[in-house]
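Next, two complexes with subunit A in common: one pairs it with subunit B, the other with subunit C.
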Partner chain A sequence: MELKFIIISIISTGIIGVLLGVIIGVVAKAFAVEIDERIEKVEELLPGANCGGCGFAGCSAFAKAVVAEEAAPGQCPVCSGDDVANIASYLGIEAGQGEKMVALVRCSGDISNTVRSLYNGIRDCRSAVVVAGGAKGCDYGCLGFGSCANACPFGAIEMRDGLAVVHPELCVGCENCVATCPKNLIVMVPAAAEVHVYCNSPEKGAAKRQVCKTACIACRKCVKASGEEEHMLVDGFLVKTNYENPPSADLVEASACPTTALRVAGKHAANEYQGVSK
Partner chain B sequence: MSELTSEFLVITIGAILVNNFVLSKFLGICPFLGVSKKLDTALGMSGAVIFVMTLASLVSSLINQFLLTRDFVIGGRTMNLQFLQTLVFIVVIASLVQLVEIILQKVSAKLYESLGIFLPLITTNCAVLGCVVLNAKATGPLQSTWYGATIYGFCSAVGFALALVLFSSLREKLDLAQVPKAFEGTAISLVTAGILAMAFLGFSGLV
Partner chain C sequence: MSDKPRKFKGGVHPSDSKALSASCAIQDAPLLDKYVVIMHQNIGAPPQLLVKKGDVVKKGQLLAKAGGFVSVPLHAPTSGTVSAIDKCPGPTGISVPAIHIDADGEDEWGSPFEPIANWQNCPAGELRQRVWDAGIVGMGGAGFPAHVKLSPPEGKEIDTLILNGAECEPYLTADHRLMLEQAEDVVLGAAILARILGLESAVIGIEENKPDAIAKLEEVAGKYHVRVQPLPVNYPQGAEKQLIYAITGREVPVGKLPMDVKCVVQNVASAVAVADAVVKGIPSIERVTTVTGRPVKTPGNWRFRIGTPIAKALELAGGITEQPAKLLLGGPMMGIAQSSLGVTVMKNTSGILLISSDEVSLYSSEPCIRCGRCVEVCPMSILPATISQAVENKRFDWAQELNVQACIECGSCSYVCPSHRPLNQHFKWAKVEIASKLRRRND
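Coming up: the complex of A and B.
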């Protein structure tokens, strides 16, 4: 009698289980959503950093757009050329690769070269800028609390002596830092260009020099050194690199920039410039 | 007031305020602490819990009423399968959530995207199982019927949602507050949850 009871329990539980299993199986077949397997494959080939540099919500959204041919694989700023070529050949479409861009912090004013006042608030640029534009003599320079470095998913920005320094070889060009900087200091420049002016202040040379030893004072030495080539452009009291026609690294030596605002990106990242006041 | 109306009030207001699932029965604490960091996710989870708990109450009470509590006679002794309750309920809830997920994905992609991540979380949620078991144990003339059980499930879930939304709003404010170092994070959340539970004790005389 007891055995019969046990058997009944086992059978009824089994029936319920099998029934539910069959129902789920049937419904899963009937309501199956067709997923393009190429999307999954493309997502695998993507870096999976979800940095948003392509302009989509993340790698899976970008993969969906690539398969739907709404975006080109080359739009991913993180992928190396090989990755992009892999995706393009897998889908049989054009790679559509653009020029590689890297971030540039247009400031060279670290703590030893600038005038600063006391600031005891939250250690974040976006908080610091609320208090009278930040505790730095120069209103246009890097505040040095590293909001951009925190926003960088690739660890390409180093905070050195109160200055954000981009390592171009690590930067993938996702532009997360550009959106973060409250001073709008960071711009995207072609990775091929080596020479940049590390200053962003439009003020007069004398005013800049009072608060920063490494400001660009628009002395035009670099403009003259580049001769007829128009490698450098003068914009008010600030000289800028002409990224349409970038100069070679030799220009920095040839022009002997008196404030060292003109720098070679690789050497700047390696901390080879000290503030020089000639 | 008739007996049915008064019981209706007891299981609706009672489930939402007085015997709140999270704050006085201490069921479903895991999602209560886990998904209450942001109001958005709390709302999504609340929606999913209301959806699943109502449905689970309905299906489980039907199974309980027409299968598990049915008496049958073996060798002169009357028996039923009530002891299988927990097992069957878990299986039923799990497959129900699975079914809902599959159907939702096909029928409404939008709803699936907002509820989708929360549905598997609910599969093994003790609040859902607790609600179903309480329904099975209920002796009141209303709650022991399948529609009464469904009302109770819905109201319990609304109570859960209320607690979750209140708590997540508190936590969003707590993020901005200056909390002593030792209390930061989960510690202050638990203290807050305790105070919230005490506040809900104020409703105890209501029904």
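Coming up: the complex of A and C.
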């Protein structure tokens, strides 16, 4: 009696299972969605950071665009040259790699250089700028509450003594930080350029020196030191690196910048300019 | 309209500390040798500069003309030479352009317009133009151009003119003294404003903690059909929307203006400025400001020229007796903290307030404990606690859904919050982010 029930249930379950299996098999064949396997392969080759630096919604959307030849593999700012070459050779298309760009925070005024008053409010640059302009003396400089560092998916921005410092070797150039800065301090510069002016204030030299020890006072020492070559450009009361024709790291030594606003990116990131002001 | 004022929802009762300066009569500040007139003193477009370095100006002469309809002209506070058009520390913490004037000590008049003696028969349009030409803004603190409120668009009917003499901010007594000492001018200003709007009468709303000013105004109010309405003491009684509700029982919908409920509100100091501009032909070049706070040696009320540096104002008040912890422009609830003594008196500077270090403490914000006190006191019936959490998580879209734009930034929620949350700053931030998102979308 009991054995009979067990046998019947085993058989009926088995039959139902086989039937459903057949149905699933048929449906899977009949209604199959064709996936371009290349998209999956390209997505595997991409870093999967989903930073949006390429301009697409994420790595998956970018892979789709690359396969459809709407985007070049080189548009991914995170991929190394080898990664891009791999994707390009797999798809048999041009790599289309542009120049690698990194973010530059155009300010060197840490809290020991330019302090004005105590700020006890919300520690977010975009909020501080609304109520009192934060604690720093300079109207144009880094507020130091790290909105950019929070926006960076790669941890490439370090907040050091109330100053955002980009580590160029970690920066992939996704530009997420650029839009967050309420002072519009962050610009994208070629990674190959080593020397930058870490100041953004268009004020006169004397006015800048009143509020910051490391402001660029446009003394033009660096312009003269670069000689005939137009490595540095003067823009009002501010000198800027000529990124069309960037100088080598030696220029910083040669020009002996009196305020140390002129810095080598790697050394600035390694905190080698601490407290230097002649 | 009943005589009994309504009580708006919420509000707080901070210690008013007005006794420090309430009994001090208004004194005329002596002429200085240098004034720094900040260019952009009004809400709306900045004015357009008319003078250059080296120009010789007379007192009252036009320095800059209105840069649009929502903008007002600027006038020279005294006669002298324009020594520079340069930056000076601004009230919001960043430097702003300003006109630096070296006074010649003559204080010679060069008014841009003549008095209108017979204002009762003057067309309303001409009077309105005079208010604009005189550069009058909301002198209670907002700095909104007065003529804009007096120009309701076609089809918008106005039936009530309210003069705001509530002065609900603690410490401030400038409006109080003005109503007490220049009651006739306040009433005259009210009558002129009423004429511009085509009204027969006006109401002056005053908090009950100023009985002497109420009595004085009631004495002279009858002359021009002006009614004095005492109001219960409740911060923010002087906020435009709360004042309208207390006096008329009408609620201004979110995103709408007092005009939409047929009301116009002007500050009492603005009314006096209107009376001066029309009857005496004086543009807006001075204002009464309270210099007060425990660290101030002799607190009081002074009539300062626009462009008087804060440092000079504090000198007049005898300097300081102890190192202050904070300097505010305006009152303690809505005033803006300053980091420089170089800021100068503007048309909307109602007070210069020093706070001593034992009155203010540094605190760190703690998590919300959901006690609901902020919801109880919010006069706009929004949910400060929830909005603050939305903003903390950068959910500005959510804050927008919760109507953060309705916030009048009165600071009542921050005042009562036991967790010391920076609620007011959260809302200011959210409003800016929402506005910039809208601008981006429109671009």
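Remarks
Keep this in mind: the second predicted complex is superposed on the first by the 274 of 278 C-alpha atoms of A that agree within 3 Å, B and C clash if a C-alpha of one lies under 4 Å from a C-alpha of the other, contacts with A are read in each partner's own complex, and residues count from 1 in each chain.
We take it that a residue touches a chain if its C-beta (ideal position, glycine included) is under 8 Å from a C-beta of that chain, and two chains touch if they have at least 3 such contacts.
If you're wondering where the values come from, they're calculated on a predicted model, not measured in any experiment.
Residue contacts after overlaying the shared chain place A:T13 against subunit B, while subunit C stays out of touching range.
Of the two partner chains, neither subunit B nor subunit C is touched by A:A57. Touch criterion met: A:K4 reaches subunit B, while subunit C stays clear of it. Of the two partner chains placed by superposition, A:A68 touches none, neither subunit B nor subunit C. Once the two complexes are laid over each other on the shared chain, residue contacts for A:D139 go to subunit C alone; subunit B is not touched.
In the superposed model, A:A28 lies in contact with subunit B only, and not with subunit C. The touching residues of subunit B, counted against subunit A in their complex, run 63, 67, 72, 74-75, 77, 79, 81, 83-84, 87-88, 91-92, 95, 98-99, 102-103, 105-107.
Touching subunit B in their complex are the following residues of subunit A: 1, 4-5, 8-9, 12-13, 16-17, 20-21, 23-24, 27-28, 31-33.
Subunit C meets subunit A in the complex at residues 87, 92-95, 336-337, 339-340, 362-363, 365, 422, 425-426, 428-429, 432-433.
Of all residues in subunit A, those touching subunit C in their complex are 116-118, 120-122, 124, 126-127, 130-134, 139, 203, 207.
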